[in-house]
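Across the two complexes that follow, subunit A remains constant while its partner is subunit B and subsequently subunit C.
This part shows the complex of A and B:
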């Protein structure tokens, strides 16, 4: 289904969503950041950025989340599972790369067991994506098989066709239902071929060339050399829409507690530290290699999908200017491929 | 100045005075530089110097990977050089193990970093060799040096509390602030100690408050105000306000500025009988 949405109708769109019982999450500008967060009013929406600082991940897999509460008495332990975590919502104005991260992550969160926190939120949340009309030098979606107007993962895709108008295309049944629920907000699509304002994202490397090199080069001096500057923080993994490692901790007293799931990241020294004190990934080079291998080799082998959507957030926030697409470019360009000294 | 820097680096490597030069190289965009580690004299052309050289490279003195490269020459601006002084005083490095290659600097960052607005160390106060035209270090009055706190200090206690609650709510516990900090050098950080669990690892209000406050307090009287923690925070928490406030209180109460004079005794780890706090006697 195709429709037209005028910027003037944002107000009635947000009011309509509220009436239908949806919580609305949209990009909002605050000082230097543009973040996806809950909004109450259409005036809060900001759409003139390249990409939001936070990824869509936190609405499905929050940075911290209680998965269980318990009380311990003399002869029994009582457990209580949280409820009401999946709230009917619309994420309005996410980018195609973020939307695509969802089907990629579905694979792991439904792999050997189905993660109800992820799955129930996936059902409760509808994704209305706005295609990118601009990009920056960190964007590389086109190198990982996506596009600035890709539809995968979105329920509805909006594409700018003039300063005030967006072409509305429904992608899934869920999206179609949403548009039907709010029918009066939309108007008929323009006749003829609209002028889609979509960014041109330069292709930086051939993804097909990456995995064969990784297959052969687990041992390679480039891992250390590239990562001397890495300071071992978790910024890249936490802003990444597809990094999904977590840690489980109990926050408790002697008699009661909460079991909590928190984001964790492979760039931390402690991530692989054994109780014995041995650390199988003892250097930052090994940890950097893990990040690349997981995204472009292991996940591909296991789930037939690259664990990277080319959003470029990791490189934008990196305190030491580590740049993931630069590494992949080196790997994928045969004549540039580093020669192993091993 | 770039040529002078490269020439000096080349000399140091050729003469085997050092094994590696920690410096600034071209970044992934024209508005960025990145740390580079030059081990061969023929690679010195990778070194650069411009207003985007914001990093405090002394942080690589704490990392085992870069330490393993051998004795470094490290390029430091006046502010970064203060870290060298603290690391020496806190017995983290030996003077002979580091070659301090000072550069004179009239400000970095675009827009200009806050620390540069009241800079009184344009020429480093410690170095083995200096590159660049020597700049006479100004004397800047106390109030002017802490001017960035003016607005913050006007807030009431409740307003301050609300301000920090809002700021810390954004924290994602990526620990970029402590990872980048050259003075956060504990082998095992307090957040990684879980018997007992001093600090909740969760990024919820309690966990975020205890982490951010503890980080700041562990730097009280030590932070040299390089502002790296604030620069790297991916969620834009104005961490430097905390550090600066603690530095101001330290200077007011103990007449001590961290990293400023190599002969000054450390504020937080020096015992003095005339200490005016009762619990000390």
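This part shows the complex of A and C:
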């Protein structure tokens, strides 16, 4: 289904969503940062940014979440299931790269057994994406097989066609139902071919050349070379929409507590350290190898999907100015260079 | 939808101190119905939790042939094992599992078995040893080679006596040089050396090895020298794990998730993994 949405209708859109019982999450400008967060009013929405500083991940897989609550009495423990974590919501104005991270992550959270905390939020949340009308030098979605107007993972895709107008395309049944629920907000699509304002994202490397190189080069001096600058802060893993590693810890008082799932990251020394002190990934080079191998080899072999959507956030936030797409460019062209194995 | 992170509640039915810092719990299901439904196979592991302290990964140290309970043996080392140490008979803890693959004991039927364990690595082998001993007529000769740093560090001392007394088990125990006591009747020497001296003929024999990385590293070449083919040598690996379900992303060795594809691997499978142990 195609429709037209005018910026003037944002107000009635947000009011309409509220009436229908949706919580609305949208890009909101706070000083220089644009962050996806809950909004109450249409004038909080900001759509003139390249990409939000946080990814869509935290609305499905929060930084910290209860997976179990319990009370402890003498010789007795009572467990209680967390409830109310999946809230009917619309994420309005996320980017196509973020939206695509969702079907990618569905695979790991559902293989063999399903993580209900992910699955139930996926069911409760509808994704309305706005295609990118600009990009920056960190963006590399086109290098990992995506596009600034890709539809995968979105329920509805909006594409800017003039300063005030967005073309509305429903992608899934969920998206179609949402548009029907708020029918009065939308108008009929323009006749003829609208002028879609979509960014041109430069293609930086051939993804097909990455995995064959990784298959052959578990031992290679680039892993250490890449990681010399790394301070192991893990910011890259937290802003990444597809980094899904987590820790499980207990937080409690004497008589009651919660078991909590927290974001964790492969760049931390403690991530793989055994109780004995032995650490299978004892150097930052090994941890960088894990990050790149996981995204471009292991996940591909396991789930037939690259665990990277090319959003570039990891490189934007890196305090040491490490750049994953530059590394992948080196990897993808390495086969033309003399192979220097350790 | 079920919560995959929800543990079973278990009561500590009994406990045994095995060695300094090492204790075994016998655990009964608090909910009888859950206990009746519960099944596992030898080699599988679980996440044991102390409410308030957190979860920790160990093997199930008892054999599936022993119904109504499971056992775990742990060494006091970190946050959770220290909290486990504080618990008493009758206390409640959590258990998630069983996870992972199993020792293919049916494939081993009709063959000789040699178990090689070092230190605190006997618990994972104890499950499969008892499983095979409870099905004793399905296997030919059974040899158990077990070493620890000192006599005091040997775990399951009563069971070692029991195995020693059996005619159908050949038990060899050893302690590291300097770890013997005046009345020590076993061998003195490191596990790889003792394996070289006492291992049975490799012909028609399966070797099951578990121990600290250094022991494994030096024992595998000895077995190879004795003629054991890599696909006839089994081990069980341990890596730091949080979920046990292939989601938390840390136990992988290259492409292999120890929690899903393991923890039991053949030496052949391990030789194909990247060097990330």
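Convention: the second predicted complex is superposed on the first by the 335 of 342 C-alpha atoms of A that agree within 3 Å, B and C clash if a C-alpha of one lies under 4 Å from a C-alpha of the other, contacts with A are read in each partner's own complex, and residues count from 1 in each chain.
By our rule, a contact is a pair of C-beta atoms (placed from the backbone, for glycine too) under 8 Å apart; a residue touches a chain by one contact, two chains touch by 3 or more.
Bear in mind the structure is a predicted one, so any value in this text is a computation, not a measurement.
Applying the stated contact rule after C-alpha superposition, one finds that A:37 touches neither subunit B nor subunit C. In the superposition on chain A, contact is made by A:81 with subunit C only, not with subunit B.
By the document's definition of touching, neither partner reaches A:11: not subunit B, not subunit C.
In the superposed pair of complexes, A:176 makes contact with neither subunit B nor subunit C. In the superposed model, A:249 makes contact with both subunit B and subunit C. Greater residue coverage of subunit A by touch, when subunit B is weighed against subunit C, goes to C.
Once the two complexes are overlaid on the shared chain, A:263 sits against subunit B while remaining clear of subunit C.
Look at A:297: by the touch rule set out above, it reaches subunit C but stays clear of subunit B. In the superposed model, A:231 makes contact with subunit B only, not with subunit C. In the superposed pair of complexes, A:137 makes contact with subunit B only, with no contact to subunit C. Comparing the two complexes, residues 247, 249 of subunit A contact subunit B in one case and subunit C in the other.
Taken in their complex, subunit C has these residues touching subunit A: 1-7, 9, 49-55, 77-78, 81, 90-92, 94, 212-213, 238-240, 242-243, 245-255, 260, 274-277. Touching subunit B in their complex are the following residues of subunit A: 31-33, 53-54, 63-64, 137-138, 224, 227-229, 231-235, 237-239, 247, 249, 251, 260, 262-263, 265, 268, 270, 283-285, 315, 317, 319-321, 323, 326.
If you check the complex, the residues on subunit B that touch subunit A are 27-29, 32-37, 55, 59-60, 63-66, 69, 172-176, 178-180, 192, 194, 197, 200-204, 207, 228, 231-232, 234-236. Interface residues of subunit A facing subunit C in the complex, by the touch rule stated above, are 67-68, 70, 72, 75-77, 79, 81, 108-109, 111-116, 119-120, 218-219, 244-250, 252, 254, 257, 259, 261, 264, 266, 271-276, 278, 280-281, 286, 293-294, 297-298, 301-302.
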